[in-house]
Amino acid sequence: MDKIRFFLQQSWLLISASLVFGVLLAALNAQWEPRIKANEIAKFNRRALALVPEASTFETIDSEIIVDLGKGQKTHVEVKKALDAGGELIGWAFAVEGSGFADKIRLVLAADAKFEKLRGYDVLFSNETPGFGDKIKNDFFKNQFHGAPVKAYILNKIGDAKTIDDQIVAISGATVSSEAVVKTINTFLRQVQEALRKQGQIGNGQ
Amino acid sequence: MPIFAQTTGMWQQAGLAALIMVGLGTGFALVLLIASIKLKVQVDAKIEQVYEVLPKIDCGACGFAGCSSYAKAVVSDPELLGRCAPGGSETANKIAAILSLSAGASSVPARAVVHCRSHTKDKEFYATYTGIPSCTAANAVANVQACKFGCLGFGDCVQACKFDALHVIDGLATVDYDKCTGCTACVKACPRNLIEMVPFTQEKMMVVACRSRESGKVTRSMCAVGCIGCGLCVKQTDLFSVDDNLARMAYDRYEPGPACETAMEKCPTGVIVYRGKNALPPRPAGEKPQAAKV
Amino acid sequence: MLSKITVSPAPHISKAYSTRGIMLDVIIALSPAVAASVIYFRHHAAIIIAACVLVCVVTEWLCNVIRKKPNSLDDCSAIVTGLILALSLPPAIPVWTAVIGSVFSIAIGKMVFGGLGSNIFNPAMAGRLFLTASFGTLMTTWTVPATIDPGMPVISATETQAVTQATPLAWSKEAIKGKAEVQTVNRQLTASFLGNTGGCLGETSTIALLLGGLYLLLKRTITFHIPAAVLLSAFVCASIGFLLKSEAYISPLLHLTAGGMLLCAFFIATDPVTAPLSRKGKWIFGAGVGAVTMLIRMVGEYPEGVMFAVFLMNAATPLIDRFCKLKPAGGVPHG
Amino acid sequence: MANNDGKTLSPGNVLLAGLWRENPVLRLLLGMCPTLAVTAAVKPALTMGCSVIFVLLCSNIVVSLMRNLLKPHLRILMFTLTIATFVTIADLFLKAFQPDMSEALGPYIPLIIVNCIIICRAEACASKNGLFISMIDAFGMGVGFTLTLCVLASIREVLATGMIFERPVLPVAGDSGGWFVPWAAMGMPIGAFVTLGLLLAGVNLITRRGKG
Amino acid sequence: METVQVLLLAFVSIVIVNNLVFTKFLGICPYLGVSGRLDMAFGMGCAVTFVVTLAGIMTWMINNWVLATLHLEVMKYVCFILVIAGAVQLVEMYLRKFFPTLYESFGIFLPLITTNCAILGLCLFIDLWGIKSLLEATVLSFGAGIGFTMAICIMAGIRENLQLADVPDCLRGAPITLITAGLLTLAFMGFAGMIG
Amino acid sequence: MATEIKAKLTFPGGVHPPEYKEITEDCAIEVMPAPRQLAVLLGQHIGAICKPMVARRDKVRAGQVVGDSDAFVSAPLHSPVSGTVKEIALQSHPVLGRAPAVLIETDIQAEAGKQPCPDRFNKDFDERQYSCEKICESARRGGLAGMGGAGFPTRVKIEPNPRLPKHLLIINGCECEPFITCDYRLMLEWTWQVLAGIRLAARAAQIEQIKIGIEDNKPRAIHAMQQAVDQSGQRGRIEVVPVRTKYPQGGERQLIRSLLGKNVPSGGIPPMIGLCVLNVATCAALAEAVVCDAPLTHRVVTVTGNAIVRPGNYYVPIGAAVADLIDFCGGLTERAAKVVLGGPMMGFAIADLSTPITKTSGALTFLSQEMITRAKYDRRVTPCIRCGRCLTVCPENLNPTKIAHAVKKNRLDLADQYYMSACIECGCCSYICPANIELTGYIKTGKILQARTKKKMPE
């Protein structure tokens, strides 16, 4: 009994402080959580909207899409439908993740309604070297994907960046980052297309 | 009532959070408390004291692995004082207080005295020294300067002094008594044992600034301001004694007085000088007719 | 009578050889490579070399003035740094880039550590790495040598539109990714030996570098350990790759002749200041440089890895030195 | 802290201490990790600085209030708990109102918990002084930290991109015909280390001049 | 076999390619403070390796098994730091009591580690990277410790040499260490992008 | 004329300084008359400093003991001439700076100087007529000390020690220092006396096997010694072994490594591995001490260098001032810039020309300014570029640059970690250093500092 009293004497402040802090945190979190969630969605939507400007809302589909990353790793992709004001399906958008030069890169990909042509990509998050790797945010590189067929893309050092096909011209001086983008897109794009087809969400491409 | 539902949810979560926090807090508090009692290890009281003054944030800025090891180090080696960046001068002062208290504050302060007053122009040289500019190295090479006992002036003591209290002026190490703390670093550095710690009973002390044990004649041939062991000072006051061709001063008994002043004036080579704060500049060498070079 | 007599600790005589002598030897040994670079890249080479040397010298002088230290230019080490830096730059870079590189080399690579002898890293490589990090595009744009060999494909970069030529190493990288034929690259061996190919100013001509290296070895300015270790370990690593997968990895001989391998083996890795002291240490150091270079060339993202390898091993030099601490001949003394 | 040096502990003095005399980064070498990590551009640096000011202020207030109730063994635990709480609050706030910055700073915001500045001030100042002085101290230190970060970040951002606050200040070479080619290395770790190193050397030089 | 490969790559990646000190600026304080002597640096490295492995595993477990299930992610930071601080203190006391020799050799570094951001940083990065398997988290945290040890030992070696060098006065100490660290990052840049 | 000899035996490390032996190698040993005044230093070598046994104004005979000590490691001192003790006062000492010495004024009739006695020995000499104890006693009474370098008392060296049994006697005739030729002349001119000394030493130490190591740049000496050994029928016992010319081949540790491939433990002495090493000059002195009962009062000194008028090998009384020798040799030339007692690699530069010759000073080298600066950058010290040449030449396999830098920065602990105490101070590192750093000087300084700190420890 004495021991407990001694203990309480010593640590009542700590215990009461933890109590107060715990409540404080939880309260603040509850207050701000919706906002944080909204921020995340807003960010995605902002990027996706730039790719599919006609869309008015993005709606997450219910079915699960699992993508195989190779080496036995799988990941879950949250695919969203882009709907116009009339609720008509005008495209698809989803976030993907791959490893870049310095850190992970997260991209938003958007495809047209039939999932045959890419509407392009945008960078959600990257930590690439300023001056080199972060050129993956530049239009020069991004535009090559705009309207490109859904295929496995091939990265080249030589070629014409103006032609839209599966040949992607690398950013000079930042081959790694260019490669990372292409690789990430290649990993996800076809598999998502495949999965959607299987689930009957889109046609089988014929 | 959605608002009510929301609030309930929030309070539920808050309760959980608070519970976890309290659990964690209580748990760690308990463990730490028990541990601090059960696993107490005996430490030197002084180290403990020093450790208590330190910020105990274990930032490692001092170069040691945490505050406790710094405390240990600083107790054994006071030169490490002032390494604690977060604590700053406040902590340094406190540590100094802890350490010096035990060192005994009652005694007279000891200050370094260079027992030589021979500047370059007063010395006799046999050759030019071209080796390593350090007293220890030069001392190992045979007589560069004629006097084996005099200051070499390469400044090993200057380097050893952490308080910038020693400077070589015209080939002679000179103590700045405003800065000297009596740390004895220079005493250890001098290869010729010229520097000695003298208890400064007065603001300025009278010293025999020479260490030459050569016979008077040889000393004169080597240095314009060396002690020739003539013993004139001994006749004035018993504070002086001559031994091995060299006059010495009993510093612990020294008190200023006319006898000492006379001894100083009578000294044919002017080797008896004042050292200390506000000490007058010594009589220039060769002022007395006897003190000429042979 | 004895005013002229001096005394000093023993010994009283010394060998007639000075730091300046060593540096002059290196400069002489670099001259074939300089000549080759001027032959292949004409005025580009001349301007860059002149700029680098000049800026290095001026920077060192300025640093000494700022530090109020005696002038240290007469040991000629700044000239050597300038030369090596210039020789490891691509011919097409603008002169101001070379100037920045030179200033970085001397100021950050050398003088902040206390000047010659105190620097941890090879100053020239510090400059080159800084430029690689800063101006990657410029540092990988290769002009066509004046005497072009038609066997090598000409490519045009998309952004700059200048006609450039890929180096054998850049193509080897493509080959590893399966985008180029290894055979095409391997055919570059002769061109690479003569220096008739794209690449950095002084790195293209194998024969000029070999001449210089031989001179240094014969003059005993450098010992054979480091060059031998570098080349041997690089050769072994490259051979392993080549034997395992000859359709992806180019021939080990080309690896030795292409890029900065020889310049590194004879002039950069042998920089005594940043290399280990003991023989054993030199072997480890050299082997490390060779292996890391090949690792970066074959697995990494950069086509060339010499400067990284040298830098990395420079950093490890204190540890190698400590690891290879000499034991006295008579055993460890007691007490 | 100056309270035992015989100097008066005036608020102005305390404030100045944080800004220059005991500037956490330049003089005490505390909090180096964020200093190096978030100074590639001014905006994240400023955000970081503000977060540190907030956490420092709050933790100093709390510690100062309960300074007389602290038990020796649990003191550090108490500090840690307080700091972690406020850091979480700051993190939540950024996530909610500055999502871009929150993303850019990533884990460096929660890493404020182990930033030595905070625990150091709690220990050295707040646990010994009253509320007012502690607040001033926290503010001074925080502003000192933020200013240093901003100076470093502006040097690096200008050289690495030719911009400050993402607004161009130097004409960058390219299609528009500027002359400045960005030094990408300044945005990389090398730029961070070397710039900070030279900055510290400069500060050393100045203080030594001042003394001499 | 594939798992082994993944783990191996993760290990090499965290040791060399994504070294915490050189690319993430974590653990700079001890990196500058305790790198003066090689033996101290090595001791520090060992202690960090030990604690970071422990902390990595524990925080991963708490994060994934407790907090995630209770939806209390908001408590993440508080829990992490308390776990780390508590673990460090307990380990220190345990060592001092039962393995005094071991404590003498590296236990003195343990208290320093609580404020070493490499530990908390790694836990946060593991969370950020979304590492899903405990094994990988273990390997990553162990690798991070090894990477830190390597970095601090290299730096200590260099600094021991610099003690004998004629470094300008104003650069002595932290500035020259920072510049050296900067140049070191240049050296490690060669490995960048080698492993994704 | 002996043919050229190419020896293979050598040790790792070392340097090849120019030899300059041609200056004096053909100068026969010449007797120097005793100068007006001699100063016999009371501390001449390793071991206890002697106490003066005479007083002021005492008359002394030639060979009379003037200083002695009871310590085990010590040797008595004798007056080289008959004369009067003028004073016992401090005198410049090549190593100690100022040390007490017995100043003796020479009698007029004694000025002719002592004559050496090599003709008393021939191939019929038989050491067995002297007992082991007698030889040791003669060595002790004669004040014999190693005449090569450190000057270890010979008696201590040759006396059998049951704890450290010796099985091989090595005679050091290398004379690896540039300029010096005194041992070379001894072996050529006093061959029989040297050989007799060798045999006596072997008898005293009870050693059966003897090796004489001579550098291969002295083919005539090798030849002469070989012939003498053959003629006296000692062939099976005594072996003359040519070793490669390289500095410091004459260091006993290096010679042992060359001859036997064995290493003397660092900081140890040859008896630890059962060896006894004697210098040829010591052997000659031993023969004289035992057979003629003459104490060590004179020695052969090579006066050489490019700044002396009449270089040569002289038989000089111990205690003669350097200035006297200079006078005897015709004075210094204009170019003289350095006076070195000993050879240029390990000798002591002296400033005070009244410094007397000691038992260990085998040479007096006068160097010109050009010789000491050479083309080396005007002797300017540049920073160490870590070229590693000092490591390559170090015969003890040390890291001189690291030790020197540690000492320079006052890091004695670090210097100790790199085995500073194992340094033999041969000077190879300083000789080779392209940056002109006085590595040996720093290491020597470091050792002094180390000794000081150790001495201060108990306080």
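So that you can tell them apart, the chains are marked A, B, C, D, E and F in the order they are listed, and the count of residues begins at 1 in each.
Throughout what follows, a residue touches a chain if its C-beta (ideal position, glycine included) is under 8 Å from a C-beta of that chain, and two chains touch if they have at least 3 such contacts.
Computed from a prediction, not measured in an experiment: that's the story for all the values here.
Following the contact convention of this document, A, C, E is the list of chains adjacent to both subunit B and subunit D. Counting C-beta pairs in contact across C-E and across B-E gives the higher total for C-E.
Averaging C-alpha coordinates per chain and comparing to subunit F, the farthest chain turns out to be A. Distance from the subunit A centre to the subunit F centre is 85 Å, each centre being the mean of its Cα atoms. Computed from the mean C-alpha positions, the centre of subunit E lies at a distance of 60 Å from the centre of subunit F. Inter-chain spacing, taken between the CA centroids of subunit A and subunit C, is 43 Å.
Subunit E has its Cα centroid 22 Å from the Cα centroid of subunit D.
Across the assembly, subunit B contributes 13, 16-17, 20-21, 24-25, 28-29, 32-33, 57, 59, 61, 126-127, 130-132, 137, 140-142, 144 as residues in contact with two or more other chains. Multi-chain contact residues of subunit D, defined as those touching 2 or more other chains: 29-30, 73-74, 76-77, 81, 85, 88, 92, 116, 119, 182, 184, 188, 190, 194, 197, 201. Taken residue by residue, subunit F touches two or more other chains at 348-351, 353, 383, 402, 438, 441, 444, whereas all remaining positions touch fewer.
Pairwise, the chains that touch each other are A-B, A-C, A-D, A-E, B-C, B-D, B-E, B-F, C-D, C-E, C-F, D-E, E-F.
Across the complex, subunit C is touched by residues 126-132, 137, 140-142, 144 of subunit B. On the subunit F side of its complex with subunit B, the touching residues are 89-90, 92-95, 97-98, 348-353, 355, 379, 410, 438, 441-442, 444-445, 448-449, 452-453, 456.
The touching residues of subunit A, counted against subunit C in their complex, run 101, 131-132, 140, 156-159, 161, 169, 172-176. Of all residues in subunit E, those touching subunit A in their complex are 2-3, 5-6, 23, 74-75, 78, 129, 192-193, 196. Considering their complex, residues 97, 100, 108, 112, 130, 133-136, 138 of subunit C touch subunit D.
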